[in-house]
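Each of the two complexes below includes subunit A, the first together with subunit B, the second together with subunit C.
Right, the complex of A and B next:
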């Protein structure tokens, strides 16, 4: 039972043969729109995101500035679009890297018996014990602000999520008759694991990674918000919220609300997609 | 006698899937035992559930299903509840799936008595204990405080029957209640059901895929195929002079023990048996430190070109033996030689496994689990050719095409994934995959148990054909004596990890030396009229 199924029972039923429910398709549309707007920002953004126009500070939505301007007169729509580029690239790198390493470590932990499996499992436990944000701040303290240190730290923190899942899947998969048939047929273990078992896990692990994307995005935005992530003037959703705190106090909602809204929208969309994917795969596998 | 259950012109359709049941008409009178026989997908379970007013969501119904005059297709919820509580009970195939594992047997059996009949706990318990004793469970009082996992499958099915009988139903619906049980356990349950049905004058609708079982228990039979009743009549009449082609096929496909048809033992070449087992042992340490001897001191040989049936009930160690032969398990003690190569008492290395693969292959029980879901069947077989025959990709695909064709999988199925195939087709692919390694010995581990009888007959025929044409040596592990009697010239009976009898199949089935083998043979369903003069 997913969250959306509880909140919107009618719209979250998947029709036979359809990939997603109505809610799921809406999430896909939202996510794709955000991604496209960010990717195409240099071509379609109405303004330079860093162009300061002090005669036009904190203006509300108008024909010239569809979503208004911030405290330095920068166009909010353009900043949001460009902000997506940094805000989405970070999670993407983290998710891809943690998925690759998580899969490999999970396979090793699931397939081996004895001390390798035990050692890897304890390491996963250890990393699980550190919140991703805390680890990132530690990395920033050591290596300095910016995107590189938190991305590495986040990758390390998210590896166990993928690895633990992979490990469990591998353990159940290796006792299945089809895997045993490969063994009896004399195929090499490495061929069976990498060539046959691994591809069967990809959909399930992919669904988990999709969910992770949302969490990482929120975490990185939080880092930028507290000033440890992306540094001004580069636009980033988390950093935009932080910069808009002053404006918030003087009564202008938009500069802080808009990036927050985008973060919420994208995280919710990604979570819905991830949940529906894993539901679908869970249903197909069992 | 009045009609207790009367189904008339009952059809069930699903949007987009057509009719699952078409114009099914059947009736069960008071005090009558009626069988509903059909293979998977015939709609036998749907029909039975309809009698309790259990219809799948989105199904469209027509016709009527009346229990004591109440039409369940139109009855209100409260009426249906009343029907299920007081007049009709159902027992299912898997007793473990139907009982709450964290509550005691006593909780389960007394629940309806306390909640719906308003009995006090003491009264309910007294009734429950009496009922448990009536269904042949000793120590019923202690059992009330036990949990489901502490009971065997057969005991649990008796508990389910007791719970069903406590409602004193007029109609008892049995959905394959013995399919998951061993043959000796099944015999006990069938006797119990027959006794209770007759003593109480209940109507009983017994669903099964096993014609013999139907004939051993029921007065009348309905044969169902793809949602249609193709034949009905008195059990004896349906058996002895079947009218429908399908019934004839079903009867022909149902395996029976026929000593005259047992294959002859080939001339033995004892110098070099293909498989030699000497004092083989396998122990498991159970949680809690207890040691289970899964296989104890087993010794036998299998000559090249021979066929050996390994028969036993669940827990007899027959699968452990099969898995040790193909090196999925490591022996603890004893010798195991395939093609004269002794097996090490450790996990095999990659090279050793590849070498062994050319000697022995296995076909598993469940064809739904033994094929890689992602790999098209042609590629799956071609992979084996590439590994073992060193063929190029295109040559391997060609070999795979030929081999699959040989086992009855046409070229149009070559690119299919396993999920697009039926159970029988999948098992044919599994056999082709095993044969692609060109093994000398083929181990079949309950390879036909999961299949419908007509499909099982076809697969057995294929194995027979391959055995004769390729000179394959066969080791067939099964619980079904009839299946081995047809396929194997030699037999080995296992019980609790110990070989109780071995020798030629004809001799063992004709004159069993051990008590246990006799019990196994006698536990097979006996047709009601078999001992009566014609």
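Right, the complex of A and C next:
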């Protein structure tokens, strides 16, 4: 049962044939809106995100600037839209890469007995000892600031989560009749694993990976926020909050709170989508 | 790290104990400690040899951002033994760590151990205060939600779910905006001067640090209390006329603690890692903030030391949890799968 089902029982019932519940659809709309606004930013953003207008500093919402301006007079809406491009791409790469590698390693660990499986399990355990954010910081200390080092580090950190899940699924899948039928019929193991077992796992694992997106996004934004990720003036939600701290302490809340709100909104909606997807797919499997 | 995934992600040291474990507690403890040491050994290899995946002159890497004149290069080569084979370098680094010699900080021109010791108290106080908030607020919210069905339950669950999605740095900003800028109740910067002043300065940071876990704790407590409340032993206790408070604390909560304990190792590690962000935001002089500044100042030996400390804390905490669990739930020690 998903959390939204506990919270809002009326709104979280999925009607027959519908992909998501009402809450789920709301989350999809929010997430899609944010993604579209970010992707289309170069075409629809009202201003250049780096256009400085010192005559118009920290202005509130107006017709000219819908969400107001920051301490350098830059248009907040435009910066939020462009910031989404950097803030969303990182988690996307991490989730896709960790899912692919995690699936393959999990297949290997789940299918093989003996030393390959044991070795992989030990390696997963070792990676679990390094929290994702910590490994990212070590990577930044080695390779320098920016997004590349933390993206690689986060991918490595999230691979064991995907691989563990895949491993468990593979082990239960191995004993199913269709797999044994293929083996008896003499099909090559690699064909059975990659061609028949893998496609059965992708939906479940993919739904779980969706849940990782929000956490990666929050961690990468946090790195930009403490000045180790995206460097100003490139707009990124985390970096925007960091830049707006001075204004925040002098009483202008909007420049800091708006990107913070967007981060929370996108994390919540992606989590709702991920939960409903895994609930739906998990329900189909069992 | 995904808080809700924590339950699914096993602690680094729990494997290998499931199958063969017989009832001997001594072997159980020895196994756990051995796994701990092996994990730490491999972790130290990663932390130390991570530097070796970079191409180029290691002396120049360590001196990044500073003037690499020949004298400085020679000095750093000698200090780190960079001309010796890697294994020898590792052994002298590890030997130094075990003897309390953590190397020298380039940025502070001090021994790393001195720099760390000066900053450790703030981090420990921050994490301890956050742990208090997590325990008190999380348990209270969870118990309240579980005992009051209907409106209260719904309200607590919704606010807790919303709070659970707030990353520490966003919580830091929101708390600063409300309690520091708008209301002016708490300071937004610095770690204060000891005693009550320190507590006052650490309130907002520890709340920001704890908010995700307060929410998590409340959810786990609520669901595990709900499960316990329907059990027979609770019904028996109630029908025997025990006071509700006694039933809750002695019969419900005690059994409900097991899943909470399971995640507390991961929780402590999460607090330590996130403290880097919170300390940096609130300008606290702890080791988390030091980690961020050391990355910024290219002070690699300090970074290595702090990463090693956090990983050690994480692995040790998990081992302790593994060791305590059989005391609470004898079924685990007996080697039978309890769940």
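Just so we're on the same page, the second predicted complex is superposed on the first by the 286 of 286 C-alpha atoms of A that agree within 3 Å, B and C clash if a C-alpha of one lies under 4 Å from a C-alpha of the other, contacts with A are read in each partner's own complex, and residues count from 1 in each chain.
Here is the rule we go by: contacts are C-beta pairs under 8 Å (C-beta built on N, C-alpha and C of every residue); 3 or more make two chains touch, one makes a residue touch a chain.
Computed from a predicted model, the values in this text were never measured in an experiment.
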item: First, second, both or neither for A:199, with subunit B first and subunit C second; value: first
item: Partner chain in contact with A:125 - subunit B first, subunit C second, else both or neither; value: second
item: First (subunit B), second (subunit C), both or neither touched by A:29; value: neither
item: Which of subunit B and subunit C A:44 touches, first, second, both or neither; value: neither
item: Partner chain(s) touched by A:134 [first = subunit B, second = subunit C, both, neither]; value: second
item: Contacts of A:267 with subunit B and subunit C, given as first, second, both or neither; value: second
item: Greater subunit A contact set [subunit C / subunit B]; value: C
item: Which superposed partner A:96 touches (first subunit B, second subunit C, both, neither); value: neither
item: Partner chain(s) touched by A:64 [first = subunit B, second = subunit C, both, neither]; value: neither
item: Residue ranges of subunit B touching subunit A (in the complex, touch as defined); value: 16, 326-328, 350, 353-358, 360-362, 364-366, 369-375, 383-384, 387-388, 430, 433-434, 437
item: Interface residues, subunit C side, partner subunit A - complex; value: 1-5, 8-13, 15, 39, 42-43, 46-47, 50-51, 53-54, 154, 157-158, 161-162, 165-170, 173-174, 176-177, 180-182, 188, 269-270, 273-274, 276-277, 280-281, 291-292, 294-296, 298, 300, 303, 307, 310-311, 314-315
item: Interfacial residue positions of subunit A with respect to subunit B in the complex; value: 16, 176-178, 180-189, 196, 199-200
item: Subunit C contact footprint on subunit A (complex, rising order); value: 3, 6-7, 121-122, 125-126, 128-134, 137-138, 140-143, 157, 160-161, 164-165, 211-212, 214-215, 218-219, 221-222, 225-228, 238, 241, 245, 248-249, 251, 253, 256-257, 260, 263-264, 267-268, 271
